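Dropping the structures in below, format is structure tokens.
Okay, so chain A shows up in both of these, paired with chain B first and chain C after.
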Partner chain A sequence: MLSPASGTGQFFTKSVKIIRFVRQGCTNRPFFHIVVTEKRRDQFMPVIEQLGTYDPMPNQHNEKLVSLNYERIRHWIGNGATVSQPVEQLFGMSGFFPIHPTSYLAAWRNRRVLQEEALKEAEDKSKDKTV
Partner chain B sequence: MFRLTNNLKNLTLSIEELSANYTNLQTVRWQRKPRWLPVAKSKVFRIPKKPETPQEDNLELQRLFNNYRTQIKSLRRHFFYKHHIQFLASEDPEQQRIIFEKDLDRCNKINDKWNAEQKVLREKRAQENLEVELEFARKRIEVENIKREEHKQKTEEYVKKVKEESKEFITAENIDKAIEIALNNPVDYNYALTPSGEKIFGRENNEFEVKEKISVKQ
Partner chain C sequence: MTLLRHISQKLLINNIKTDTRYKINNTCVACVRLLNYTPKEYDTKTDPAPLFFNKEVQSLLKSLTRVEVAKVFKKRKLGEKRLGDPEFKFMTQEQLDVKLKKAQQKAEELLQIPPVLAVHAQKNKVYSQDPALQGLESSRFVFTDITFGVKDLDRLIVVRELDGTLKDAEWELRNRVNHVYFPRSGRSLKPPRVFEDGYLEDLLNRREYEFVLDLACSQFEPNEKDYQRVTSIVFQHLSDNDGFDLLRSTRHFGGLVFFLVWNKSIDNLLLDLIESSHVDEANKLMELYGKIHKLNYEFDGKLKAVRQFIEKDSTKRGALELAVQAYEELQKQKEQLESGIKAAHGIL
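Up next is the complex of A and B:
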């Protein structure tokens, strides 16, 4: 008996709930469901409720598609569900939460890499000119 | 890799006993390597490089995290007061019904208004479509009429031509005359052609004598 991916709606009242990703998709093709579930359940156990989806692979318009059920997310957070860090980052990006500090960190690192590359290019160009 | 699906007995909808046949097994496709296997030989001495964060970044991160936690705390508190079960207003069915009916009435009014607007548009569009279709049909009739006219003319011409030709036909009345003419004017098609195109008539004017046929059988 397979349980539906949209959730069974069954849980213990006093258990710890968490909003987190479940990796669906298959090998080399990640796809995530955003679900609320009991924290002690493992990733692929039946979930309480599905709250959204996240497709990390960009589509032909270079978009990563996310869908979120804000009403239910509000309800579950109001009823004490915690949020895992990757989902917090996603919520930050979608404007539901403040931007997560790790998102800033990633941005700094990316910028630094870009700057270094630009510097390298400039140096290479100057070398070419001198030669 | 397999997993038992009714390991969550008290949570799944159907409560079944574990059976020896494989009806409760579910294949898991995303586990490539079991946890108990050792590190691959090629990866044993690989030391992943740790990302470095400068001191100033760390301080900034600390500040950001403090802010973030504070904001999240207040958000959570807000959601708690708004959505937690203990704060939900107890529902009076009569009141709920009145609210529902009011809302339904309002929605119906909006719907009727939209329907009226749409009706005008729809009728206008239908009228326009009808006009277009009528115009199309008229044009088709015109084209068809022209076609028929042309066909009629063609057939008439053909009939005229055939009538013209039929004057020379041999009928029961003039058959004797035709036979007489034919007998009086025998036509011999059995002629030879010279290279310059002259016709040589006659069968008895061969220079060479006709050799007698010798039967091969003899």
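Up next is the complex of A and C:
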């Protein structure tokens, strides 16, 4: 029988727990559940509890929707659950954790690429004018 | 002759058609709104809530609603829901009394007046500003707290903007996101197009006031700007077109009266009450008006207060005076008739 996406609530007391993404959705349409599960379990095995969702595809208003059950997240972190890096980044963005260093790095890289592109365009334009 | 009439009618229609086309092409005319009512929201400077929830005001509004049980339980437009066949039962008087009491309780529930509140202020708390996050994302993030048992109003919904600021979501977004995660029946993610000007005008011209107000009630919160825009336009249209009877014995009549009193435009309602010789209700309306605008009227069980209102505060003086005169003449004639009958019977 399929276990519910909201979780089975069954776990070993002394096992290592982790708060992580589970990819739901389908081909070309990612959608993530944020769940707490045992670290040694596979991504698609039954989870302990679902803690939220993350829709990485922007909607028509150009927003990415994230829902987080802060009460349960606090509970599981208090019980010693670790948090995977992508989820840590998301928590950082939400103001629940400090901003993850990789977010700053990625932002900096993106800005640099944009600057380079802008410079290139300006150069191309000036070249066109001289020719 | 008929041929001539037909041709002239066609000509007229063509003329109208070209006229409208001309108007649409002309940008100056096209920018004029079709519905020429300006929405009147309750602003936060003068909050109507304390006055509206006042017990005396509530009882006045309820008595002005003029409840008819048959009208409260009339057939409604329920869409796909079908009513079952009616059931007929034999009952003793006691059983009947119990049933009637239950029906009255239900009617009271159905006639709860939607609360009148000021439009809510914008939430704009900024939690953090981090310009170093610029360029990380190309769309903004909306974070919603879905903790169990939190009310829609208190739910924490924050937005990470493209420039790295983390701040509270605006109301429009809050409503949308609340509906995504906690949908309510009777509400849709996008407000129905009924509330857009063109469609709304059509509905108002068909006098579907109750339908629009019911829909607005289920779609919006009472302190939303959109709700107050729609209801204020409906109320103004209704008052100008004498549709008061359509809203009597519905939950919206109290809101209508409060709106008219608040905006000092009760003349049409008063005229309607006097013409239908509901003097006690006219007096109650004057009492309400005095209470909300802090004016003192003298009540004598007849039309004294109304007279004072007509002299000082009315905008439709002529019509109201005529109506009062007509009412008094009618009263006099009735008295004469009664005394005549008594004389004929030799009572005197």
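Everything that follows uses one rule, which is that the second predicted complex is superposed on the first by the 131 of 131 C-alpha atoms of A that agree within 3 Å, B and C clash if a C-alpha of one lies under 4 Å from a C-alpha of the other, contacts with A are read in each partner's own complex, and residues count from 1 in each chain.
Going forward, a contact is a pair of C-beta atoms (placed from the backbone, for glycine too) under 8 Å apart; a residue touches a chain by one contact, two chains touch by 3 or more.
This one's a predicted model, so the numbers in the text were calculated from it and none came from an experiment.
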*Assess the superposed three-chain arrangement around chain A: do chain B and chain C clash, or do they fit?*
clash
*In the superposed arrangement, does A:N79 touch chain B (first), chain C (second), both or neither?*
first
*Is A:R23 in contact with chain B, with chain C, with both, or with neither (first, second, both, neither)?*
first
*Please indicate which partner A:Y70 is in contact with in the superposed arrangement: first for chain B, second for chain C, both, or neither.*
second
_With both complexes overlaid on chain A, does A:F97 touch chain B (first), chain C (second), both or neither?_
first
*Which of chain B and chain C A:P46 touches, first, second, both or neither*: first
*Touched partner set for A:V131, first chain B, second chain C, both or neither*: neither
*Pick from 9-17, 117-125 or 153-161: which stretch of chain B gets in the way of chain C?*
117-125
*State which residues of chain A lie in both footprints, the one left by chain B and the one left by chain C.*
104, 108
_Of all residues in chain C, those that touch chain A in their complex_ = 127-128, 130, 132-148, 156, 158-160, 166, 173, 176-177, 180-181
_Per the contact definition, I'd like the list of chain A residues that touch chain C in the complex._
52, 58, 61-72, 93-95, 99, 103-104, 106-108, 110-111, 114
*Quick one: in the complex, what on chain A touches chain B?*
1-3, 8, 10-11, 23, 26-27, 41, 44-46, 74-75, 77-80, 97-98, 100-101, 104-105, 108-109
*Of all residues in chain B, which touch chain A in the complex?*
3, 5-8, 11-14, 16, 24, 26, 28-30, 32, 51, 53, 57, 60-61, 64-65, 67-68, 71-72, 75-76, 79-85
